[in-house]
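Both complexes shown next keep chain A, but they swap its partner, so chain B is in the first and chain C is in the second.
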Partner chain A sequence: MKQKRCRHCDEPPVISMRQHKLALCEAHFVAWVHEQTLRSIERYHMFEQDDRVLVAVSGGKDSLALWNILLSLGYQAEGLYLDLGIDGGAGYSDQSHRRILEFQQAFWPDVTLHLLNLKDTYGESLPEVAKRTKRGLHKPCSTCGLIKRHEMNRMARELGYTVLATGHNLDDEVAVLLGNTLRWELECLARQSPVLPADSLGFARKVKPLCRLYEREMAAYALVSGINYIYDECPFSTGATSLYHKQLLNEMERQRPGTKLNFYVDFLRAKKHGRFQSERTKELQHCERCRQPTTSAGICAFCRLWEK
Partner chain B sequence: MKQKRCRHCDEPPVISMRQHKLALCEAHFVAWVHEQTLRSIERYHMFEQDDRVLVAVSGGKDSLALWNILLSLGYQAEGLYLDLGIDGGAGYSDQSHRRILEFQQAFWPDVTLHLLNLKDTYGESLPEVAKRTKRGLHKPCSTCGLIKRHEMNRMARELGYTVLATGHNLDDEVAVLLGNTLRWELECLARQSPVLPADSLGFARKVKPLCRLYEREMAAYALVSGINYIYDECPFSTGATSLYHKQLLNEMERQRPGTKLNFYVDFLRAKKHGRFQSERTKELQHCERCRQPTTSAGICAFCRLWEK
Partner chain C sequence: MISVTYRNKRWSIPGNIRVRDLVRTVGLNPETVLALEENKLVHEETMLGEQAEIKLVAVVSGG
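Up next is the complex of A and B:
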């Protein structure tokens, strides 16, 4: 579908979205992305205007766009950058940090950005701790996930935020969904949600306001908004299974526009009406060291990272 | 993986199965297919030696192979061919019938083959009834499915068989599974199984003994066994969604050998441990005309086909 005009005015369209049969000019596209995000926030009861939201920013298009959208919509949204000390030959973490600071200074100079440097706090960067603990065969990805989950939750709670928001877009969500589905991981399917409620043991409320927006839409949004983000994927992500699933889903989307959105939305609907849980569910308890919730007995996997 | 020798002897392999890391010569491959089928029959408690099994044969490789395997394994297996009167410019139904008769005469001349001709029995062929009732936009596929399900069940029950067996292979099963999963059809997922038990309302027990064998393995089995089958797909199947899903799954299998088998086996395991049903389930009752079970009130969809 190629339209010569924006659906709402005479301007030329900046994007054509086949799955929505919709073409929009710059201004109407930006408004549409804001409206879609607001709709997801309300539809899934993510948070209210008086919530204090901590946005996990990585320097990529999605998290910077999310921060910008939430602030534009009038929410109280502050940023958190977790510097993992990844170099990859091009100073990946430093470059990411620079993009975030540039964005903040140009767009929202009065809004707080928190910084957490892993090496300064725990004595080792992600590549260093992954290497020493020999987790994950030359790939620190599982250690990275563990650290991000732990530290972002900790920061949100310690700094008094009620909600932790991440920039996962639809493509991220359906790639995970496809992976979990191909292996029929019922526990993971039961947990995958646009919103995970806080719990009394110490998990912050977690939300993904961009979960219904395509990656392609987010790239276009960053471009037309003038957000200068880090284009490179993390140097460790090459060959990741999630990238393989994204390729597959892109091919499916090309052949049948709307495949990704329908797969995700139908999944959420099925989850609402049916049941996915397997009968085994793990009990949570407090880690004896950091007091965060964990399924491990005694000390959690994060705290075990630092035992030498 | 290319092996120069069969795993079990010095013969050259006739097939290399990457997903099983297994290469076999003709004789060992035939034995392996028989053993795999037997294992599925036993694993899923499909039937016993004293069951009378009716095999739905279409003239394609899978159903002829299935019939041959069950008879070779010593089961009481008789055949049923349902002649739907499909021409497609090449006498599709007639050709299919011919292949079945040739197979029977060459391999098992003393075993019974039942024939049911739709036009002789109900006055119209499948294309004729589909056209008159305007079901399914120039494609009689949904009518075909309805007729086959109804008539095969009826014949199995009327002729005193305890089990109805179909030649669905792994590729068939995972294509349906992927389709149901992409739309998260919980009711369909709950029903998809290698074995559906008989029920008191009049459904025959239904089994799919080839459900763990790849399409490629079945084609090789037919070839090395000298079974001459109808190569053409049904003339109405072009553009079918199931063929699109098969293509996708072939691509996934090519990139990650074992994808299809794992997807299917993990699904069955998840179903065993978890729950897929949505909360709504339809009540079954007897059709007022044919007395077979139906979810419709009054007269079933099959009997409604013939109301003029």
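Up next is the complex of A and C:
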């Protein structure tokens, strides 16, 4: 039987991207991931070489891979780790922080990593504040999202970065897209984008350079690059709807390669042609306490979390 | 027999089987895992011999 070869050389392939009918060896796969990321940065006008990019890192495969790729491509990319104080019986946040420090020391020891510890800054960890408030009473995921969005935006602005980059991959994006479609969340569909522009009210520019790369490709990239990421999912993610949506989409992908990519790319195309235009139902204003943009009158949902 | 591990599970599967078929044999979707042999990524069409030791790594994360 004829042995399969890498598309570009005689080496055996380590991965096939069935949606692209493409099989690559380790070296060509790493180069391909870099090239695809660069293509997305350019295609969606995410940022330029002279931008200062703050990469939100969690210790997982996607964010560490993104940080590595941006630095390898020559961008000015520095890291931000938000320590939420999640234990989950295994010191989840501590483990995540350790993996980030190990990565930084091994790959880019001279690059800055900012650390923000939620408990040190606001007096309570995520599980503590979630337990105390109505929003997070049953599951802290919604509180977690709120805290991360607020604090990443604040840090990016205060530290003078022009762009905030997150490691959302294509599977993350299509899981959100499927969820929003199933509920016909038109406002959310209108906002879902590889780039959210900065505005004068105080939102930093937000970008997702891995938005066209499959989660499987990002895990493979981290493994072949020797990035020791945290394999475990967040202990609070058990039973999360987005994981169920990912499972459904992966079943479709198994039977019809390219389903996920086509779903996302066709959505972006439809958006570009004005299919999902939606006005904000509420006007943005500054929070009276933190001065960040909010649709709430008075103080924002983040500041309300800390009122006891 | 091929030794297969995934999270805290372990299987013994008869050899001479492709990675993709092995993943399906243990009840997983090949889109959701990667196969490693001696910490090296193994292509899904690789034919595995009787002595192979395969570690499957989940690719899905988040919540």
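Convention: the second predicted complex is superposed on the first by the 297 of 308 C-alpha atoms of A that agree within 3 Å, B and C clash if a C-alpha of one lies under 4 Å from a C-alpha of the other, contacts with A are read in each partner's own complex, and residues count from 1 in each chain.
Assume contacts are C-beta pairs under 8 Å (C-beta built on N, C-alpha and C of every residue); 3 or more make two chains touch, one makes a residue touch a chain.
All figures in this text were calculated on a predicted structure; none of them were measured in a lab.
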Is A:I299 touching the first partner chain B, the second partner chain C, both, or neither of them?
-> neither
Of chain B and chain C, the chain that contacts the larger number of chain A residues | C
Using the superposition on chain A described above, determine whether A:C141 touches chain B (first), chain C (second), both, or neither.
-> second
Partner chain in contact with A:L261 - chain B first, chain C second, else both or neither = neither
Touch check for A:A220: first (chain B), second (chain C), both, or neither?
-> second
What is the contact status of A:A27 with respect to chain B (first) and chain C (second): first, second, both, or neither?
-> neither
So which positions on chain A get touched by both chain B and chain C?
-> 251
Touching residues on chain A, where the partner in the complex is chain C = 4, 12-16, 23, 26, 60-62, 141, 171-172, 215-216, 218-220, 223-224, 231, 233-234, 236-238, 240, 242-243, 246-247, 250-251, 253-254
Would you pull the chain C residues touching chain A in the complex into a rising list?
-> 29-32, 34, 36, 40-45, 57-63
Counting only contacts in the complex, chain B reaches chain A at residues 181-184, 186, 244, 248, 251-252, 255-256, 259, 262-263, 266-267, 269-270, 273-280
